[in-house]
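Following are the structures in question.
After this come two complexes, each holding chain A, first together with chain B and then together with chain C.
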Partner chain A sequence: MKVTVVKNVLAANDRIAAENRALFDKNGVYVINLMSSPGAGKTTLVEKTILALQNRYRIAVIEGDIQDTYDADRIAALNIPVVQINTGGACHIDGNMIRESLPAFDLALIDLLICENVGNLVCPAEFKIGENAKVMILSAPEGADKPAKYPLIFQESSVMVINKIDLFPYVDFDLAKAKRDALSINKELQIFEVSCKTGAGLDDWIKWLTDRIDDFKKPRV
Partner chain B sequence: MHELYLVESVLNIVQDYAVKQEFKKVNSIVLSFGRLSCIDPKSLQFAFEVQAKETPAENAALQFKILPAVIHCFSCGRDLELDIYEGTCPRCKGEEVMLVGGTEELQIIEMDVD
Partner chain C sequence: MKVTVVKNVLAANDRIAAENRALFDKNGVYVINLMSSPGAGKTTLVEKTILALQNRYRIAVIEGDIQDTYDADRIAALNIPVVQINTGGACHIDGNMIRESLPAFDLALIDLLICENVGNLVCPAEFKIGENAKVMILSAPEGADKPAKYPLIFQESSVMVINKIDLFPYVDFDLAKAKRDALSINKELQIFEVSCKTGAGLDDWIKWLTDRIDDFKKPRV
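And now, the complex of A and B:
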């Protein structure tokens, strides 16, 4: 007997992500899901973003790592509420991991929740967590071939931050190709060229994020 | 390694259907996904063999419908199927292209059951 199913395999995760989203909406929490390869600069971008915005918004962070608390310790040093999810080998964070970490926060007292995903360009792109925006980082030393090799994460993201632009003189990074290929996958993609080390270009990223949060927090009529 | 998680979700869906539609055994499952979705059929098959043990889907045959990677090229105006996506048109080498297919997520299309 044939049974027609036609169902997304990750529908159960999508449902949990939607429930997270409803909870975030109710409490006015803008959520970003930050993704990249290991070592592209996720935690440093989180630190820089906190330093730029902590007087303007109440910020909290969820750190997803396979093990250890190095990243969470860096965030806690900035006096920001942080929860570490140790995925214990899982290569991504999913909707349920976020749901289980939320009781640690008072959501009513958070404007911006940054969820730093496990370093990986494949699996995080598939699992929604209830975010407003997926933001991915491509760092110059990784090479400009990444959009063509891992199209899904570039398609799913609203923002591509090209980090470590201070290393352009030392690495063969074809900036034009990286941008062209990423836009051929996702023409809506916002691209920022930054160096978290020198601070170059970070203002544009901060402005984009501020505009999104303010728009999200605007009372709806 | 996301194949492990994907297979776990497949088996949860199969289990739901087995209860609802009262079948005991799954003979085959048709799955579809895009060629560029970073899903490896061999890993999926292996993860399935391991995880389907002692479920209604044990020994079920997996069939994969792999949806092609397709670009639209603005230089030559064509839609082209590709094996490897390189960000350029393989026919005219045009750089103004748009990816229009190939990243579709994993779906269960149908099952054959007893």
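And now, the complex of A and C:
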């Protein structure tokens, strides 16, 4: 019975996510669902991505947080349209929360919409929002055992960004194990090793994203 | 309607947690519910606490994980009774999971039971398990904005262990802000600054815990 309820919730969410997706397709909006533990560097990656791409694409951001607007304030400072979703305690954003936030944007004027999820390595992975790609961040101080311990988010994501590589000399992070375990869960996973602090490795991430957006927006014959 | 369901779930959990608590009281078992983001250092703090206290108290551990036994294996290596709860995807442990695991122990032979929750800074804070104290870890690389962004876990906890202080020179962590914001949410919060890697600061945490256990086990007149 309990499982049935959960399945209904997920099925209802999938339906709303598909409706969001249709709306994004119609307007040519490429959408990222960005997920990680608290403090892995989601907002900083959003900032760096905006700085790299804002002259090339029209970018908007949805910030999912439990109750505050700290992250949205950081994005607004970059003169990017941003909507704050306050989940009121909930541990993830879902399709309906995204749908409710869309009237705040003119979708026809957006090329790239980045949705930053609530900081949580577990729950967000279950809920589609209508994204083109789920992107997750694993930061070096969290440890290389995370793919084996929290597999769903690695399975669902198209990209794993390994962040804070500038801390490699100071933390015990087995990079080979993290990559091997993540790829054993999801052999299609794209992996980028970056430091949002120093800027190292960000070019490869930006190139991947640019290729995806350009391919998505290419006129279909 | 949705809110009513959630309240019923929490009320049912509170009832089971109270039953667990009565059982722990009867057997003189002091119980900690240990919570944090993934990779903040829960298992390592459990290991260090066991090493410091295993000659003084009879210790047992319950490991809550989504699917694996990696953490339980680390504890079993210290010759400590340990039970693995696999939540099968769920993002926290609850009162019923603890109740189901208790037949594996002889509670009359345990002074301290440490329950390591699933790595998640959001959901575990909502579910009592029958603990004497909730203890949460904030690790320096996560950033000092976490109390303001995830307030419930700071509000519910008796202790905040700030871990990985050996990384202070390499990360931007505003210690004063983290402490100030956490105390503004919960002015009773005990704060310890430690490095489980170097051992710095652990004595204060061990003394706090020892005082609590001794007080709990003192015969009442």
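In the analysis below, the second predicted complex is superposed on the first by the 212 of 221 C-alpha atoms of A that agree within 3 Å, B and C clash if a C-alpha of one lies under 4 Å from a C-alpha of the other, contacts with A are read in each partner's own complex, and residues count from 1 in each chain.
In this section, contacts are C-beta pairs under 8 Å (C-beta built on N, C-alpha and C of every residue); 3 or more make two chains touch, one makes a residue touch a chain.
Owing to the predicted nature of the structure, the values given are computational and were not obtained by experimental measurement.
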item: Which of chain B and chain C A:N13 touches, first, second, both or neither; value: first
item: First, second, both or neither for A:Y150, with chain B first and chain C second; value: both
item: First, second, both or neither for A:R180, with chain B first and chain C second; value: first
item: Which of chain B and chain C A:S139 touches, first, second, both or neither; value: second
item: Common interface positions of chain A, toward chain B and toward chain C; value: 91, 122-123, 126, 148, 150-152
item: Complex contact set, residues of chain A against chain B; value: 1-13, 90-92, 94, 122-123, 126, 147-148, 150-152, 155, 177, 180-181, 184-185, 187
item: List of chain C residues in touch with chain A within their complex; value: 37-39, 65-68, 70, 89, 91, 118-123, 126, 139, 141-143, 145-146, 148-152, 164, 166-167, 170-171
item: Of chain B, residues touching chain A in the complex; value: 1-2, 5-6, 9-10, 12-13, 17, 21, 23, 31, 36-38, 71, 85-87, 95-99, 102-103, 105-114
